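Okay, got some structures for you below.
Paired with chain B in one complex and with chain C in the other, chain A is shared by the two complexes that follow.
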Partner chain A sequence: MEMLRAIAIGLPLTVLVTVLALMIGTVLALPIVAGLRSRNRILWLVSRLLVDLLRGVPPVVWLFILYYGVSIGAIRLTALQAGVLGLGVVAAAYLAEIFRGAISSIPKGQWEASSALGFHRATVWSRIIGPQTARAVVPAYTTFAIGLLKDSSIASSIGVAEIVFMSSQYARQSGEGIMVFFVAAGVYIILSVPLGLLSRHLDVKMRKAVAR
Partner chain B sequence: MNNLVDVAIQYGPTLFDGLKVSLSLTLLSLAFGLPLGLVFAFGVTAHNRTFRYLSVFFVEVGRGAPALVLLQLMYYGLPNADITLSSMASACLALTWTTAAYSAELIRGGIQSVPPGEVEGSHALGMSYRDCLRFVVIPQGLRIALPSLMGFAVLLFQATSLAYSVAVPELMSQAYSIGSSTFQYLPVFIIAGLLYAAISIPATWLSVYAERMLSRHL
Partner chain C sequence: MIEPNIRTGTPVVRVTNLAKAYGSNVVLRDVSLTVPEGSVTAMIGPSGAGKSTVLRCMNLLEQPDSGEIEIDGHRINAGRKPNPKNLAALRRSAGMVFQHFNLFPHMTVLRNISLPQERVLGRSRDEANEKSMELLKRMGLAEKADQYPSRCSGGQQQRIAIARALALGPRVMLFDEPTSALDPEVGVEVLEVMKELASTGMTMVVVTHEMAFAGNVADELVVMADGGIIEKGEPGQILQDPQHDRTRRFLRAVLER
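After this line comes the complex of A and B, so read on.
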């Protein structure tokens, strides 16, 4: 019972870190995608280097840099802030690649047809390319979200009291180390099931919305 | 910037030793995990029920649970069952599990994309089932799976940084101990990050290159 309580206390923080990091990642990914698609070589190079660097360094290192290394004046980030920000920034790089792939999977004819019909650029994005990209992005996006759910456990390394942090603490106190980690593993698996179902549901729904 | 260079010169060798541990942990986990992954790839669709359930258990838990949970399970959990492993051995065991689980799915995907005509062809030529797997299906399946396996190896290398939490003296834990004794956290972590990037970025390029080379004739 004690064990379940420990994990239950950690659960909201796991969900919070995952959701916030996903939101930060999604928002920051948009300017990066614009950079990756830019014809300006400098802008392109900067975004390319940024994505490679963010993905090439393990998330733990980013969290440690933000948590131990960054101090703006006397202000230091709290563990939760550093965790969310670090995971969010890394997520932005991965999501930017996912978005870029989805956009480039849209057939060229869609662009040509929209410019032939004289649509405004904003309209092209909001009514033609945007919706098709959203559809193409769903499977990869949800797979990434499930990965991020598991990566949120890395925040335990800087002391965010989420599931792994709580389980590890419990294991060291109680001597039921095997059980608690299996239960923790089970919780992660159970949490990712609804995400998988949601992905399939969205995919089916969006496929239906397209007339072929 | 000056500070960064000073720290790099002074602690470079220690960090480099850590990097060697990270790399050997990666290679060991791949050496044990990939063959196991091949076994599980067939296990999850096997007719033998015990074998199938065991494979599904290992694959689903290995993929569904964060690597950090598996690491701590092996290091803090197993001693409760009177199995005490060194930190390196427990990290290796945990990452082998992760590798086996992920590579099982990647290899299964590769094997399934071998055209059925290949199997029918070898059947028509009178090959035994075993020979068909050994000489026809597995080589082609692995070839298809190779780029994604290389991509996974890069992620595994990055995941070894989590082994610092079970006291493996790899790059991250070296960086952390230097940081906490000198309070030069920022430069040390930046150098550690650059060392990780120096390996994983070129390795990613290599996997992209492999994908391009292998799909050239498709």
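After this line comes the complex of A and C, so read on.
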């Protein structure tokens, strides 16, 4: 029962890190996509380099850099802050590529019809391209979210007391090593399966409505 | 005074010395064309002649390199960056129908037709829906209002696209091969609607490979090849007795298919 207690204590932080990193990633991805789609060579290059840099370094290294390396004045990031921020900016890079792919999968004719009808740019994005992108992005987005849920365990390396951190601590203290990790694995699966099902359900539903 | 609105009508569309190249590929060289009010102009010619490009330059979906475009008094000079107000006004005057319909797949048929009215003309949703239903009835598609486009046949989708463009009250309708993506029997539905539209006095420019439509419905036939207009005039005349060798070859190829 001690074992379940350890995991139960870790669970909220796993969920918190995942959700916050996903939110930060989603929001930061938007300006990066704008940069990746920009005709301004400088903006494009900066965004391109940023994405490659963020994806090129292992996430755990970003967390170390943020946790041990960043001190703004007297402020130092807590483990949770560094974990969320680090996973968030890395997520932004991946999500930017996912969004960019979804946007470019929308047929050119949608843009042309919008222009020919005389829509403003804002209307084209909010009514035509945005909603279709959102639909196109659902499968890749949930796949990424499930990956992030598992990758949130990386935050244990800087001491965020999420599921894996709590499990290792319990394993070390109790001496009954492997069992707790089986339980932890089960919890991850229980968390990710419904996400996958939800994604499939949404996808099928939307496809039914708009199948070309 | 035969066909008064055609012969004496003021031009709705005036294209002057239009030129366009993609890199070193010259697609249009010095194309000039006027379309009188209430007339139907059919544009034919071999693939790659530049027909679509002319049409797309008319509402600036494509930016020409030089030349001038005027629709319903709104003039845009290719050399200068278009003033957004003027561009919007010009586009509002021209309705465009595409080969592949380009309906919005995530909206019902009714929303497809109503949304542009709300956004571009500022109509209320009720006003817009009323106009949309009127047009859908005219197209024989009232029962499709709440369906998604994917549930409609190609011919129905194209008629919905025509309704969407008409709903904005354009002065001229531009059609780019509206029936080319359709089975012949289904294409007929669309051609019927276009004929009806022509008979109500709508000014139309139609890029088409439908020779029967070009011969029977159009008031003027324009033959394009290699980025230029090689022949234009009365459709019957050109189809029976083409002056240009290139036209003759093209017509033979089309008619012998």
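As a convention for this text, the second predicted complex is superposed on the first by the 208 of 212 C-alpha atoms of A that agree within 3 Å, B and C clash if a C-alpha of one lies under 4 Å from a C-alpha of the other, contacts with A are read in each partner's own complex, and residues count from 1 in each chain.
The rule is short, and it goes like this: a contact is a pair of C-beta atoms (placed from the backbone, for glycine too) under 8 Å apart; a residue touches a chain by one contact, two chains touch by 3 or more.
All of these numbers come straight from a predicted model, not from anything done at the bench.
If you put the two complexes together on chain A, you find that chain B and chain C both fit without a clash. Once chain A of one complex is fitted onto chain A of the other, the partner contacts of A:132 are limited to chain C, with no touch recorded for chain B. When the two complexes are overlaid on their common chain A, residue A:109 makes contact with chain C while staying clear of chain B. Using the contact criterion defined above for the overlaid structures, shared-chain residue A:81 touches neither chain B nor chain C, since it reaches no partner. When the two complexes are overlaid on their common chain A, residue A:60 makes contact with chain B while staying clear of chain C. When the two complexes are overlaid on their common chain A, residue A:171 makes contact with chain B while staying clear of chain C. Within the superposed three-chain arrangement, the count of touched residues of chain A is higher for B, of the candidates chain B and chain C. Residue contacts after overlaying the shared chain place A:143 against neither chain B nor chain C. In the superposition on chain A, contact is made by A:119 with chain C only, not with chain B.
Computed from Cα centres after superposition, the angle at chain A between chain B and chain C reads 110 degrees (steps of 10).
No C-alpha atom of chain B lies closer than 24 Å to any C-alpha atom of chain C in the overlay.
The intersection of chain A residues touching chain B with those touching chain C, taken from the two complexes, is empty. Looking at the complex, you find that chain A touches chain B at residues 52-53, 55-62, 64-65, 68-70, 150-151, 153-154, 156-157, 164, 167-168, 171-172, 175-178, 180-182, 184-185, 188-189, 192.
The touching residues of chain B, when paired with chain A in their complex, are 60-61, 64-70, 72-73, 76-81, 158-159, 161-162, 164-165, 172, 175-176, 179, 185-186, 189-190, 192-194, 196-197, 200-201, 204. By the touch criterion stated above, chain C contacts chain A in their complex at residues 59, 61, 88, 91-92, 94-96, 98, 100-106, 115-116, 119-120, 148, 150, 164-165, 168.
Those residues of chain A whose C-beta lies close enough to touch chain C in the complex are 107, 109-110, 112-113, 115-120, 123, 127-128, 131-132, 135, 209-212.
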